[in-house]
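One chain, chain A, appears in both complexes that follow, with chain B as partner in the first and chain C in the second.
The block that comes next holds the complex of A and B.
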């Protein structure tokens, strides 16, 4: 084997190892969730399912509370996404495109909010939302999730806003467009990969949040997916088939979203990261 | 004539500035209400004798702080948080550097790999917990099975049975979740390093290791600074992985500060005391942040290019 060929083989070997560490656990969830119960609990696990069944997914949808959790998670995540997109896009436009004194300080404070440990806010937010009679409501979760998603979103939008030429905005203003028209018809469409990234980030933040959802929600009917799934883990005898199907089904929307806009999201991370 | 144009421009300038303030205001107000005000009320709560939410609270001065500081759980939990942060910091950084260096090589499908490397970071923690518990199980878990078959171990490893093994397993799980984000951050930093430096070094006959030490690492300084700070603050904050896998056990061996605070507030119903513990943790985190920025912030690193 020649030198360059060997280098090539090593290179692809390394890429394989890295991607294996990332992907293998997901393969293991999905392949196991398709096995029949007897194969799942077998002492010698099979790398490729010997039996294929959708029973666990059917069970999940028909005889567990999964559909309720799913509905709650969709409601909370979509609302979080909508509010975060509006708040962070308008803030980003103000911060990056409309010069006003003190905006750098403001930007740094928003970044500070983004790194602030959320676990320290658990107790006071619990007390505050309880005083507002918002415990056990999805509004409480939406409020909290927006708080954790929005600061990062403002940062994520920076690179996308920076790439839009000012001349376009000036031309639009000369044509008599007001600021809202300029923002919605010129800036947002040009920054749309960034806005999409923010949307996916807010959705994911909300979809995956566990700590606040476990404390702020009391009744089973209002639970979101992470807390609902955790309830299944906590049972005395774990139904692994059901749990693995639940994990697989909960991950699926994220994977689908990521197929659509994942590359913009990572591009935003890559370009934003340089100017952190 | 010139003056009216100037004043017109001034007026336009002022109006744009006002608009800017108005557009940022909703988010700032939102964050003031949900972060700044809660911090204030956390501090207030730490001086009150509150048990369960909704019960009255007398002002008790520093009594909560005294109880927390003299309890047998606080010191060890602080220590475990330190172990947790260091363990995660080392493992995540090493994994992220390896992954970033590999994904920075030219290969087919690189863009795809760079997108999907982030996957563990975006799945729900509870899913990661399910996968890892499934893989690390003692009866038919894939990891134990493979280790046994390869003859690396003679009997099943109880990954969560002792304090040290539970802590190590949790660090591995959590690092698996977070190293992808650090990988992307390092890759971003690598993009900012001028490529002709590498070309020049190659002409000079520098080895790959020398190029890494003398070009890549120094070029990554600002990125490493951000990573060290943000990574530490995020690790300290981790609650869900630990709570969902071990609940802080076995015999408190994995009870880091966030788990302790949760336990005090929502299982033992001592909100005031838990608030005091949270304030103490916040103080330590703040001191760390100030020291980190003061001693390690890259100097002369202005971000003006991004602002116009």
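The block that comes next holds the complex of A and C.
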């Protein structure tokens, strides 16, 4: 075997190993969620389902509030994503493109908000949101999620905004564009991979957030997927089929999101890494 | 015509305005927080609430379902923020945490009333009694037992072991060919806490505290319990150090384990295609010379947090309704087998014994019910309750000692000494 063929074989081998590590857990969740309960817990696990059933998914939809949790998660995640994109893009533009005194100090300070462990803020936030009558509402989760997602997003956008030549802004100013037009028509399109990364980051952060959602939400009607799913599993007595169906149905939207726009996220992270 | 319309409108408005305050005054709203999240439990509780609300127009009860994982943070926060529920379900080591915030009402009179009317079992009230008062209303009991595969025992010609020597021999004989005699957990979690304490009880080390509140964890009986625990772990599956309740149940149900230490898990055993004729249950074997064997049990209860007299009375009225035997049977069977009656009248409830799953596994359930009478919980024995147990429990220190023995290979005596040191640090 020639060197080039050997290298190719090694490369494919490595790709296969990495793909296996990534895909195997998903395969196991989805294939097991289609098995009969007795097959799920069988002593000798079956790689391919011997008995296909959709009972667990039917059970998930009929006996739990999964549709409500899903709706709440979508509302909170989309709102978090939209607000984070608007806020972080505006903030990043101001911080990295507009000169003002203390600019450098401010953009370093903004990351301070990110270094506080969320658990430290849990009780104060609970009391604060309770005083504002926002407890047990999706607004509370959106506020908290944006608070935690925005600082990192601003920092993430720095590399993209820094890479855009100032001459373009000057040219748009000469053409009579105001700062908002410059931002929306010139800067944001050029930084679109970064903006997409921020959008996906904010969405995933919100979609998977558990701690605040579990404490700030009291009623079932406002619960999001991670918390709702944890609830239907049970503690001492576990319905494995329901658990697997819930896990599968919860990760599916994220998988679809990545299939559709994941390349922007990866590109955004890579470019953010090299342009700084 | 217009004047007539205006007069009628004003008249109706006055009627509505007069009626609204009356309604507001009459309808007492009671919010319950409980941690029974699986859908069928929520549905069963809601059914009972609906029935109660229909029969009691002056009271509106509603449930908000929380999780055990979050309630230790959420409940204190809600008390501090002033929006705590009126009734909060509890286990014994959760009660002191809320009591420290001054939010729990003493319920001596009501518990005495239920005791007189329905007859509490002896294990019911003690875990919630301290400083001369009862702080929660016992609702049901949950008890561990040793569950085993009858066929495995028959195949190996083994009878139910009664002593630790017999138990060790049985576990060894049942291990081989990819099967394991017993599942011994070593994860740092509540499940391992429970199993370790079960060994302690049956080694004569039930009491963690002396009468004066000092620790007595480090004693020869605890060392004996942990030593035996470590020895038995050699007959346990390699993944058992990472187990919680669900994995133990699967190990038994799949036939990988011949024995596990668990609460009753009838619903999932049945759902996973388990055979009732193959499901055995027995008391944990006892170490030689131990005179007071038993099992770990969790009496679940309801704390009354509201200090409003009208709300308290409404809460009691709802709980009286729950304790009526027919309702109580339905209430317990939100999770058949797992939730055991804590009252004599509940034990005899027709609705309790007529649940299809209970009918199917009646024999096993009777054994567990009988065994649950000897139930106890770490930190709540000897007629005294020490609130600092909440801190020991919260850090899963019993399971940490088990982990030191099983995973780290530390000698039992050293592990127990380390455990007492960690407990002292936790409660100081």
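Criterion: the second predicted complex is superposed on the first by the 244 of 276 C-alpha atoms of A that agree within 3 Å, B and C clash if a C-alpha of one lies under 4 Å from a C-alpha of the other, contacts with A are read in each partner's own complex, and residues count from 1 in each chain.
Note that in this section contacts are C-beta pairs under 8 Å (C-beta built on N, C-alpha and C of every residue); 3 or more make two chains touch, one makes a residue touch a chain.
Given the structure is predicted, the values throughout are model-derived calculations rather than measurements.
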item: Superposed partners chain B and chain C on chain A - clash or fit; value: clash
item: First, second, both or neither for A:4, with chain B first and chain C second; value: neither
item: Partner chain(s) touched by A:239 [first = chain B, second = chain C, both, neither]; value: second
item: Partner chain(s) touched by A:106 [first = chain B, second = chain C, both, neither]; value: first
item: Touched partner set for A:120, first chain B, second chain C, both or neither; value: first
item: Dominant contact partner of chain A by residue count, chain C or chain B; value: B
item: Which of chain B and chain C A:42 touches, first, second, both or neither; value: both
item: Contacts of A:19 with chain B and chain C, given as first, second, both or neither; value: first
item: Partner chain(s) touched by A:158 [first = chain B, second = chain C, both, neither]; value: first
item: First (chain B), second (chain C), both or neither touched by A:219; value: second
item: Against chain B, colliding segment of chain C, chosen among 19-27, 73-81, 109-117 or 325-333; value: 73-81
item: Overlap of chain C and chain B interfaces on chain A (superposed complexes); value: 41-43, 122-123, 126-127, 130, 215, 230, 233, 240
item: Residues of chain C touching chain A in the complex; value: 33, 37-40, 42-43, 64-70, 73-74, 76-78, 80-83, 142, 178, 245-246, 249-250, 253-256, 263, 265, 267-268, 271-273, 335, 338
item: Residues of chain A defined as touching chain B within the complex; value: 11-12, 14-15, 17-19, 21-23, 25-26, 28-29, 32, 41-45, 87-88, 90-91, 93-101, 103-104, 106, 109-110, 113, 115-128, 130, 143-144, 146-147, 150-151, 154, 158-159, 162, 166, 179, 204, 207-208, 210-211, 215, 225-226, 229-230, 233, 240, 243-244, 246-247, 250-251, 254-255, 258, 262-263, 265-266, 269-276
item: Residues on chain A engaged by chain C in the complex (per definition of touch); value: 36-38, 40-43, 63-65, 122-123, 126-127, 130-131, 135, 214-215, 218-220, 227, 230-241
item: Chain A-touching residues of chain B, taken from the complex the two chains share; value: 13, 16-24, 26-28, 30-31, 34-35, 37-39, 41-42, 45, 53-54, 95, 98-99, 102-103, 105, 107, 111, 113-120, 122-135, 139-142, 145, 176, 180-181, 184-185, 187-189, 191-192, 222-223, 226, 229-230, 233-234, 236-237, 239-240, 243-244, 257-258, 261-262, 265-266, 271, 274-275, 278, 281-282, 285, 303, 305-308
